[in-house]
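Report on one structure; see the data block that follows.
Chains: A, B and C, in written order; residue numbering restarts at 1 for each.
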Amino acid sequence: MNEKPILVFQTDFTYKEGAVCAMYGVVKSVDRSLEIFDGTHEIPRFDTWSASYRLYQSMQFWPKGTIFVSVVDPGVGTSRRACVARTIDGYYVVTPDNGSLTHVKKYIGIAEIREIDEKVNRLQSTLETSIFHGRDLFGYCAARLAGGIISYEEVGSEYPTCEIVAHEIQEPKLEFGKAEGIFEIGDPNFGNLWSNIPVAEFLNNGFQYGDLLNVTICHDHEVVFNNKVPFVKAFGYVKRGETVIYTNELMKISIAVSLGDFCETYRITYGQDWKVILEK
Amino acid sequence: MNEKPILVFQTDFTYKEGAVCAMYGVVKSVDRSLEIFDGTHEIPRFDTWSASYRLYQSMQFWPKGTIFVSVVDPGVGTSRRACVARTIDGYYVVTPDNGSLTHVKKYIGIAEIREIDEKVNRLQSTLETSIFHGRDLFGYCAARLAGGIISYEEVGSEYPTCEIVAHEIQEPKLEFGKAEGIFEIGDPNFGNLWSNIPVAEFLNNGFQYGDLLNVTICHDHEVVFNNKVPFVKAFGYVKRGETVIYTNELMKISIAVSLGDFCETYRITYGQDWKVILEK
Amino acid sequence: MNEKPILVFQTDFTYKEGAVCAMYGVVKSVDRSLEIFDGTHEIPRFDTWSASYRLYQSMQFWPKGTIFVSVVDPGVGTSRRACVARTIDGYYVVTPDNGSLTHVKKYIGIAEIREIDEKVNRLQSTLETSIFHGRDLFGYCAARLAGGIISYEEVGSEYPTCEIVAHEIQEPKLEFGKAEGIFEIGDPNFGNLWSNIPVAEFLNNGFQYGDLLNVTICHDHEVVFNNKVPFVKAFGYVKRGETVIYTNELMKISIAVSLGDFCETYRITYGQDWKVILEK
């Protein structure tokens, strides 16, 4: 059995052209025996917030030791750091240090971070170009680490974890019978929105499945949605086209239209300026 | 060589966010040595008919014993059954029992079906959420089955195959020189439409390659297309932009525009109410 | 460790339905131990130029011996040849001979080409259909070759490499301080355009990073873009929304909008009739 760590890639490249193919070719050229998985290659272009969230969303379900390679890299070729982080629970993330580690740092914890030494861990045949570090630096370095060609220490010099670039994360506010948060991300396929309110705290503040809640959504302080919405365990508890509050796959309070698309129906999306208030 | 069954996944999740990644992580955490393939993750949302057809379309080409995991699951978290079917020719399908087994049941045959015992074969770390059975139930159970952790009998209790939920399938009508059917699905990329008329019966009723056929398409009894169209072996037998009747990859009579898109050109699609009549 | 060649597939099928799934099933049925990668399945429909470019873009990064299967095949079922090419540097390409080998032939070199013998190397269970050679011929034959069931000689008869079907390739013209070329392809996700001007020749003709260049783009002899644009190493050297000239991942002079989309912004695309002139 293959005992080398699995490599999971996520990027904003899409599969529309040959970039992912070239990147994976480099990995297999470093070590033919490495196992590669697509995390996703459809992160919105340049969106390091989404990159950060998707790492946080999926990492915990993989075997310990798995190496994630996250390449959403608008600053490629500039002075932003290229790094490999080691989490406190034993995963690795190879990524530009540009906000992509925000959620992993806050909710999982980073034990150690090292800047990739480009003199050693960069593909040498492509030095004339500076715009594809997924292939030339991140993928190549990750393959060397996974293949055991270098140890984690040989990635490059350690730097303080307090220097990791992070986006601001807003915390929800809960009191008995009232919860305030933001929609911090969503599922772009099904049109659901995911708040930053954990179900455990929600239930601890007097909410329970079956409640009919007063839901208010504000965009830049303007109310854009105000309705009574049931809090249910799954979409099928209501009729097609009805809105539900539910607990999503990361145990956060979320909103959806059953067999529909909440975002499209109500033209509501996520971000720091999309606030949600739930009241009994 | 890996002797454990291959896992082939098909869902309506897309790769736009981290769901597929989390689901595959669970599989590899159950058994690192399992081999996973993307069937497709672009089945139209909530479309159990398409899920059923895509299983039927591709299953037969995989090695016997392959385990298909099909997750188009609008009723997730409700009382719909979660099951593993065993086909008469030795494949397995892990799926909600919601119509996704329609074609496999009718055209291949299901020898045995078992309801997944959630007490044993559900991921225990995510019990607080009820909306992602692809990750928490179907993927997890399939990995346990493929990895040999459970036998097929240990999936859960058997139930009668006559209870399998199935969509209605319409049969074509053929007589000498005339064939009537419906377009039951298509190829959304190339804009072709696939009827339910098997080429063997078509040829047995006097049709032959080279014929110029009278093709009538009705939508809800209204004629939306009526033209002379040649019956040919491949698209290249006519000029760019011309329509052809041909035999598709599942040996069904189909329609296409050569180097074009029939669906888009004529605004015609598939379903029970899209009838096609071919006459010599 | 698996010593059989890796199979890398590229097609214009997309993952919207079950075609890729069926094709890969055939491969695994021929030899369970074969390793398959998605190059891309999103080549524009029928576009053999893009197929050719994507092979050229990614092939060199894979281990020697890798077998590429390229199925953009508008002439499927007609008299176009189905072939396996062996490059001078030791890769294989299984493809219709329809222009898909243009760049590999010119920039890498084809040592030998053989026409696939359909009597031996075609799937026998699907002879009634003639429209899915990705599954029935190219994938099946490639699997037999990768699995060692047939030698390269057993693919079929050799034919002269001078008979390989190729698109016309335009060469750039360079003089001191002036470079003329075409945009021969782009990155459809990021909206960048890639010219046919190699950076080495560009630098040899007096251009250097930091220059502010006069860039003129003509479509069918009409000027559609004329601006001063800096020549920089990476996108981050300018502000969001500003245009740059840069060296792309294949060491060709290219144009982009930083954190934007050049193609969309200026409604400019690629092809023989999109000329670019760069002057110091």
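Rule of thumb we're sticking to: contacts are C-beta pairs under 8 Å (C-beta built on N, C-alpha and C of every residue); 3 or more make two chains touch, one makes a residue touch a chain.
Not measured: the values here are computed from a predicted model.
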item: Numbering shared by both copies at the chain C-chain B contact, with half separating same from different; value: different
item: Angular offset of chain A relative to chain C [C-alpha, multiple of 5 degrees]; value: 120
item: Distance between the centres, which are taken as Cα means, of chain C and chain B, whole angstrom; value: 31
item: For chain B, residues that touch 2 or more chains besides their own; value: 38
item: Chain B to chain C touching residues, read off their complex; value: 1-2, 6, 8, 10, 37-42, 53-54, 57-63, 66, 187-190, 199-200, 233-237, 246-251, 259
item: Complex contact set, residues of chain C against chain B; value: 12-26, 28-29, 32-33, 36, 38, 45-46, 74-78, 80, 126, 128-132, 135-136
